[in-house]
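Have a look at the structure below, then the notes.
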Amino acid sequence: MSLILAAVAVWLLGAVGWALARRRRDLAAAIGAGAAVVGAALGACAAGSALSGREAQVLSAAWPVPFAGLGLRLDALAAAFLLPLCLIGALCAILAVPTRHHADGGGAGAGFAAFNALLASMATVVLAANLVLLLAAWEVMTFASYALVVTDHDSRAVREAGYQYLIFSQLAAGALLLLFLVLAAATGTWELAAVPVAHARTAVAGLFVLMVIGFGTKAAVVPFHVWLPAAHAAAPAHVSALMSGVMITMGFYGLARFLPLLGPPSPGVAFTLIGLGAAGALGAVLLALLQRDVKRVLAYSTVENAGLITLAMGAGLLGQWAGAPELAVLGWSAALFHIWSHSLAKSLLFGGVGAFAHEARSRDLEGWGGLLARWPVVGGLTVVGALAIAAVPGLSGFVGEWLIFRALFAGALVLHGVARAAMVVGIAVLAMTAAVTLAGQARLIGIGLLGTPRREPPAGAFRPPARATTAPLAALAGSCLLIAWFPAPLVAALAGALATLVPGGAPTLVVDAVRPLGSLALVLTGVVALVAVLRGALAGRGVPRATETWGCGYAGAPGRTQYSASSLAEPVRQAFAPLLRTRVERLGPVGYWPAEASWRSRTLDRTVTGVYRPAFGGVSALLQRLRDLQEPRVTTYLRYVVLALLVVLALLFLPIVVRP
Amino acid sequence: MDRFGDVVLLLVLMTNFAVLVTGRLSACIRIMTAQGVLLAMLPLASGARFGVHIAVLTAGTLAIKAGVLPRILRWAIREAPVRRELAPSIGPIGGVLLGLAAVGLAFGVATRLPHAAGLAVEGLVPVSLASLMMGFVVLTTRQKALSLVIGYLMLENGIYVFGLTLAGDIPLLVELGVLLDVFVGVFIMGLVVFQIQRELESQDSRRLTELRD
Amino acid sequence: MLLLAIVLVPALGAVAAYLDQAPARRAAWLVGCAALHLALTAVAWRLAPAAGAMGWLAFDPLGGLVLGAVSIVFVAVACYAVGYLRREDPRGGRAFVSCLLAFLASASLVALTRHFGLLWVGMEATTLATAPLIYDPSDRHSLEAVWKYLMICSVGIALALLGTFFLATAHLTAVGPHGAPLMLPDLLARADALHPAWLRAAFVFLLIGFGTKMGLAPMHTWLPDAHGEAPSPISALLSGALLNVAFLAVLRGCQVVHAAGQDGFARPLLIGFGLLSMLVAAAFLLGQENYKRMLAYSSIEQMGILAVGVGLSGVATFGALLQMVGASLTKASLFLVAGNVLIVYGTKRTREVSGLLRAMPVSGALLVTGLFAISAAPPFALFPGELALLAGAVRGGRTWIAVVMILLQATVFMAMGAAVLGMALGPAPAGPRPAPIREDRWLVLPPLGLLLLVLLLGLGLPPALRGALAAAAATVGGGAP
Amino acid sequence: MTASAIGALALILVVAPLLPALAGRTVAFLTGRRGAPLLQPYRDLAKLLGKGAVYSRTTTGVFRLAPAVVLGAALVAAGLLPLDGRRGLAGFGGDMIAFAGLLALGRLLLALAGLDTGSSFEGMGASRELGFATFSEPALFLVLGALALATGESSLGGMLGAPLARAWARAPATLAMVGVSLGIVLLAEASRGPVDDPATHLELTMIHEVTILDHGGPDLGILLYGSALKFALFAALLAGTFLPRAAWPAPLAVAALLPALALVAILVGVIESAMARLRLVQVPHLLTGAAALAALGVVLRVR
C-alpha cells in the first residue's frame, strides 16, 4: 500500500515539479518524464504484489469534506488494471520526450504536468474505495486528459475535438454522479460497497443504464464513443497511446467493479451488453476500414475492441445468470485478457503510427506509402502492433479473441433457446468483425507503410529515430509476443481478479485452456522460421535480381497509380452500402477524350448524424424559443414581477380569500 | 377622528385616480405633492397616541414626500420640452377602469383579512392595497421615465399607508430609515431621469431597449 | 460594540474618503477599511458575540457566513480596485470609494441585524449605494442598465417592505402587542402563534421582493444588464456579495416560516423559483455572446441552485449554503478576471477574444480554472456543496429534481465551456503588444487568491466552518451530512 | 500424436499439389480438351524452386517473409486438422478457431506482400481477397458452430471424430446443410470457380493469381504449394464431414483420405466447368447464401 501511495505522490510531485524548471524546457521534460517513470515503477511493484496477494490491502483516512473519505483499496481486480496502467504509462512518458509537441506557454513541463496528473488520477480511480473520492479522481482524469488532448490548441480542429470530448465526459460524469447518489442513498454509506444491495427491478434497470452511460462513455462503448475518434486524432501520439491503451480501460474497470452491485446478474443486463458489444464492434470496424486519417483508423479500431470487451463481459454475466461456470469464467477472463492485450498492442500502434505521422507531417493515409523503407525499425515494430490488433495467431491479440470465441462456443453448447441463438449470432458477428479488422490493418500497413510513396515526405524528415522512440515501442512489441507465447502465466496472474468477478469460478480451467495456444504460437514461429530459412537457402543461390514491379508494360508514375486506401476498402464498402450510407461524389470520365475525373467518398458515423446532432439541435431550438420571449422594456420587466406576485398569491390564497 | 381619517384616505384614493387620468407630467407631480400632504396628515388621523414619534413622523413625511421629492422630480424634467405622456399602452379610461378594479379587489381582500386588534382607521388597509395596485398600473402601462418614478411613488405611498397601521409598533428609527431610503432612491432616480432626458432628448423609456441577448 | 464597529467602520470610512481631497489616498482608505473590516469579522467569528447595540445587532451563523463571504470578496475587490483605478477613472467620481464602503456598511448591517425593518433599510441601501457605481453618464448602455436596476429593484424592495409590515401584522394580529414585532428572536419565540394567513402573505412578499434583488427568475431581468454594464470590480461585488446578502434576507423569512412550522407552502415556492431560474439561465447562456452577461446569467443559475437547496431542506440546505460561499468567491474572481480581459482586449464580445492562455497566461489560466470551479467540478468547494445538495434531493425521494438539476447544469457547462474555452485557447491575437503581456499584480493576485481559497475549501472544510454551516442550515430546517 | 495422424499428414502434404491439377484435368475433360498431365504441378514446383529470385525495388522484407508465413500457417493448420478422422496431430479444445486464424494469417501476409509491390494489380487482388473473406469467414464459423451444436463438441477432433457419426444419425439435415455450405466456402478459400478463375490470363479478372503476380522463383513455388495445401485442407474438412471415419481401422481411415480428396477435387472441377464465373459483386451474395445455409443448420439445433 505504501508503495502505491508513494507512486501517486511521485506523480503528483511530477505534476507540480516542472514549475521549478519552467524556463528550461529540457529540464522540465526530464523532471516530468522521470517522475512518471519512477512513479510507474513503484506502482507496478505494488500492483504486482497485489495481483498475487489473496486479500485486499486497505487504507482509509479521514478527509474533512462532506461524505468523502480517503479510502483506498488495492485488491486483485484493481491490480489487474493498475499494472498495465503503470507499464504503458511509463513507456508513453518516454515516448513523449523526443516529440517536442508542447508548444504553448507552460512549455514541455505543462504537458508532463497534465500527463502525471492523469496517471495519478487514473491510479486513484482504480484504488478508490469511497464514491466521492472515485468521482473526484474521475473528473480530474477527464480534465487532465482534456488538457493533453488540446496540447496543440492553435488548430481549430483540435479545439473542437477537445470540446466535444469534454462535453461528453461531463454528461457521463453527470450519469455517474446520479448513480453514486442513488447507490449511497440505498446503502446509506458513501463507501464503495462490496456487497450488492437489493434494488427493485426498475431501479436495477435505471442503475444499469446510468452505469453504461457513465462508464461506457469513457470505455467508448457504442453509442457513447463519438468523442473518441476526434479526440484521439487531435491528441499527440503518446497521449492517444495512453488514452486508447489505458484510459478507456478505466471505464471497463468501472463496469467490472459496479455491475456486481446490481445484485444477481439478470439476462437483460447481459443481453444488452452483448448486443451493444457486437453491434459496436462490427460498426466500428467497418468505419475503421473507411477512415482516411490514420489516427482515426486506430481510434475506430479501439472502439471495435471496446465492443469486443463489452461482448465478453456480457457473455460472462450470461454465464453467471444461467449458472454455467465455464461460460462465466471464460467470458470474464476473455474480457480481462483482451483488455491487457489490446492496451499493449494499441499503444504500440499509436506510438508507431503517431511517430510516422509526425515525420510525414500528415495523417492522410492516401498520401502515405513506402514509409517502412524509410524507417525500418519503427516500421517493423508498427507492423507487429498491427498484426497483434489484427488478432492473427502468433501474437497477443489472437489469444484474447480466441478466448472470446471460446466463450461463445461454450455458451452455445451449454445454453438453450434464445441465449444459444445469441451465442451463435455472436460467433458470426465476431467472425465478420475479425475479417474486417484484418482487412483494415492490411490497409493501414499495406497502403501506409508499404509500396511506394504517394506524396514525397517533407525534406529532413525520417532522420534515424531517437532511441526514446524505438525502445518503448520495442518493449511493447516484445510484450505482445511474450503474451502470445506464454498466455497461461498471465491468465494465472489474473486468476485473483477473476475470482472477485466470478465467485466460485475455476480460473484453472482457463489456464489449462490457453496453454495450447502458447505452444501453437511457438510452433508456428518455429515452422515459419524453418520455411523462411529453407526459402532463403533456395532463393539465396545466385544474386537476386532487382527490377521494377511488373506493371503490364506500363511503369510510369508508380506512386500515383498504386491502389488507394479507398479502393482497397471498396468491395467491403459496397457490400455494406445500405448500412454505411456513404456519400460518393464522382465526376466523369465522360466522352472519348475525358478531361479529368474524380471520385470522393465520405462515410459519417451514423450515431452522430442520426442521434446526437438531432438531439442537441432540438434542445437548443427549444431554448432558443424561450430566448425569443425577451422584450427588454422596463415596463415589461415590471409586468413579470407583478405576474409572479399575482400567480403566487393566487396559488396560495384563493382558497383562503373565498372562505368567509 | 375616524371621519377625518376616512376623508383623508378618500382624498388619497382620489389623488391616485387623478394620476391615472392625467397625462401631463407636471400635473402628476403636483398631484403627488398633494398626496404627500395628505399622507403627512394621516399619522395624526391614525389615532395613535400623539407623541414625539407621531410628530417626527408627520414632520418628516411632510418635508420629504410633500417637499423634497416633488422638487427633485420637477428638476429632473426641467429640460424636457414635451411633458405629456405619449401613447400609454392604455388610455385614461382604461387606467381608470383598472384603478376601479384595483380598489374593488383591495376592499374585497381587505375586508376578509383578519385585523390586528384596535386598528384605528378601517380604511387604511384597503386604501394602501388599492394605491399599491394603482401604482403598479402606472408602472406597467406608462412609457415615460418620470411617469414610472411617479408610479413607484404611488406604490411606496401605499405601503407607507399600510405602515401606519403599525405606527405604534415600528421603531422611529426604522420609519425614518424607510423615509430616508425613499428620498435617496427618488433622488438617484431623478438624476437618472434627467440624464435620460439629456441622452435621448425625450422621456421615452421605450428607447432604452438596447441591452438584450 | 464589536458588531456596531463592523457596521460603522466602513460607514465612517465612506464619509472620510469622501471628505479626503487627495484622490491618491482614497484607495488607501478603501483597502484600509476593507482590511479592518475583515479583521473585525474574523474576531467576530472567533468570539461569536451575543446581541449588541441594544439587541438590534447580533452575530448568528447564518449572518456570519454571509458577512464573512462579503468581507473576503470586498477585500479582494478593494485590492483589485487599486490596480483598476490606475487605469480607468472611476464612475461616480470622488464618490466611487465612498459608495463602495457605503455598500459594505449596508451589507454588514443586513448580515448582522436582527430587526426586519433594519434589514429592509440595509437592503435598499445596498441598491442605492451600488447604483452610482454602475452609472456612467456618458455611456447610454450603462444609463439603461442603471435605470432598469433602480426601477425593478426599488419596486421589488418596496414589495419586501410590505412583506415586512405583513410580518409585523401577523405578529400583532395573533400575539397582540407583546414584545417588539419584527425582532427576529421575538418572532421565533412566538412563531407558532403567528397568524398563518398574514405570515404566508408576508413570506410571499418577502420572497418576491428580496428575490428580485437576488435575481430569481422571472424577477431577474435587471441582473444581466447591471452586471454586464457595471465596471468589473463592481460586477464582482454585485454578484459576489450583493446577491448573497439578498439571499440572506430571503433566508431570514424562511427562518420565521420554518419556526412557525409553515415550511409546507414555502418549500415548493423556493424549488419552483429555483428551477425556473436555472432553466432561464441555461436558456440564455446558450449562445450568449457577451462574456460578462454570461457570468451574470451563471450567477442567476447559482441563485436558483441555492433556492432549490433551501427548498429541499435537510442535507440539501447545508449543501446550498456551502455552495453559496464557494460561488460568491468563485464568481467574484471570475468577474475580476473578465475585467482584466476587457482591459486588454477592449471588447465584451466572446467571439472577439481568443488565445488568452497565450496572450495573458495568468488571467487565462484563472478564467479556465474558474469555469471548472463554478461548474462544481472537484476539487473545488462547490463540488461537495452540490454533492450534498443533490444527495438531499435523492434522499428526500425527489430524484427527479436531481436529474433536472444535473441536466440543466450540464447545459450550462456546455454553454460556458464553449465560450470560456473559446476565449482561452487558440493562437494569441496578432496585436501591437507581443504575447504574453506582463500582467499587473494588483489585477491578478486578488482573483488568484479567491480561487485558491475556493480550492482549499474544496480540499478540506475547516471544522469551524462546517459547524457554522450545519448550525446555519439548522435554523432554516436543514441538516448536516 | 498417433501414427495414423502422422501418416495422414504426410499423405496430404504429398498429394496436395495433385488436387488443383485433378480439378483442372476434370475441367479440361468436360470441355473436351486433354489438359495438363496430373504430375505437372510437381514439375512446375521443382522448376520454380530451382530458379533464381527476382525482386521489385519497391518491395521490403514483408514481401520476402510472406511466402514463408503463408506456407508455415498452412502447415500448422494441417497439423490441427483430424485428417485420419480421429484427432489432429496437435488438436486441442478450440482448435477450430486457431485453424481459421491461421488461414487468416496467411491471407493477411499475402495481401501485404501484394501491396508491398506497389502495383495496382496486386492491390486489386489483395482488396478482393480481403473483401471476400469478410463473408467467407462468418460462413466458416457458422459451419463450425453448426458442427459444434450437432456434435456437442468444441474441437475439430471432436466435431469430425467419433461424435460425428452419432450426429449423422441424430441431425442429418443440419450436417447436410453444413456440408454444402462448407463446399461453397471451399470454392472461395481455395480460389476456385465460380468465385475465382485459376485458368484466366487476364489480370483484371483474377483474385489469387493477381495477388502473387510479382512473385517468382522459389517464392512463387512456395506460394503455389501453400494454396494447393489450403485447397487440400478444406477438401479434407469436407471429406471428414461427410465421411466420419473414426470407427474405421486406422490404416483404412488414412487410405480413404486419398479417394475422398480426389472426389472433392473432381467435384470442384465439375462445378467450375458447369458454372460461369460470377461477377465480383455477386460473390458476397454466394457466400452470404452459404452462411445462411449454415445458419439454418444452426437454427435446427437451437432448443
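The letters A, B, C and D name the chains in turn, as written, and every chain counts its residues from 1.
By definition in this document, a residue touches a chain if its C-beta (ideal position, glycine included) is under 8 Å from a C-beta of that chain, and two chains touch if they have at least 3 such contacts.
Since we're looking at a predicted model, the values are computed, not measured.
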| item | value |
| --- | --- |
| Chain labels contacting chain B and also chain C | A |
| Between A-B and A-C, the pair joined by more C-beta contacts | A-C |
| Reference chain C; chain at largest CA-centroid distance | D |
| Between chain C and chain D, centroid-to-centroid distance (C-alpha), Å | 78 |
| Euclidean distance of C-alpha centroids - chain A vs chain C, Å | 43 |
| Computed distance of Cα centres, chain B from chain A, in Å | 69 |
| Between chain A and chain D, centroid-to-centroid distance (C-alpha), Å | 36 |
| Residue list for chain B, restricted to those that touch at least two other chains | 139, 148, 205, 208-211, 213 |
| Contacts with two or more other chains, residues of chain C listed in rising order | 147-148, 151, 155, 197, 225, 284 |
| For chain A, residues contacting two or more additional chains | 627, 630, 632, 634, 638 |
| Every chain pair meeting the contact rule | A-B, A-C, A-D, B-C |
| Touch list for chain D against partner chain A, complex | 49, 52-62, 64-65, 67-69, 71-73, 75-76, 79, 90, 92-95, 97-98, 100-102, 104-105, 107-108, 111-112, 114-124, 126-128, 130-138, 140-142, 144-145, 148-149, 152, 154, 203, 213-214, 217-219, 222, 280-281, 284, 291, 295, 298-299, 302-303 |
| Residue ranges of chain C touching chain B (in the complex, touch as defined) | 115, 117-118, 120-121, 124-125, 127-128, 131-132, 135, 137, 140-141, 143-148, 150-151, 154-155, 158, 161-162, 165, 168-169, 172-173, 176-177, 180-182, 195, 197-198, 224-225, 228-229, 284, 288-290, 293 |
| Residue ranges of chain B in contact with chain C within the complex | 113-117, 132, 139, 145, 148, 152, 155-156, 159, 162-163, 165-166, 168-171, 173-174, 177-178, 180-181, 184-185, 188-189, 191-192, 195-196, 198-199, 205, 208-211, 213 |
| Complex contacts: residues of chain B adjacent to chain A | 89, 108-109, 112, 136, 139-143, 148, 205-206, 208-213 |
| Residues on chain A engaged by chain C in the complex (per definition of touch) | 63-68, 104-106, 132, 135-136, 139-140, 143, 150, 153-154, 156, 159, 162-163, 166-167, 170-171, 174, 177-178, 181-182, 184-185, 619-620, 623-624, 626-627, 630, 632, 634, 637-638, 640-641, 643-645, 648-649, 652-653, 656 |
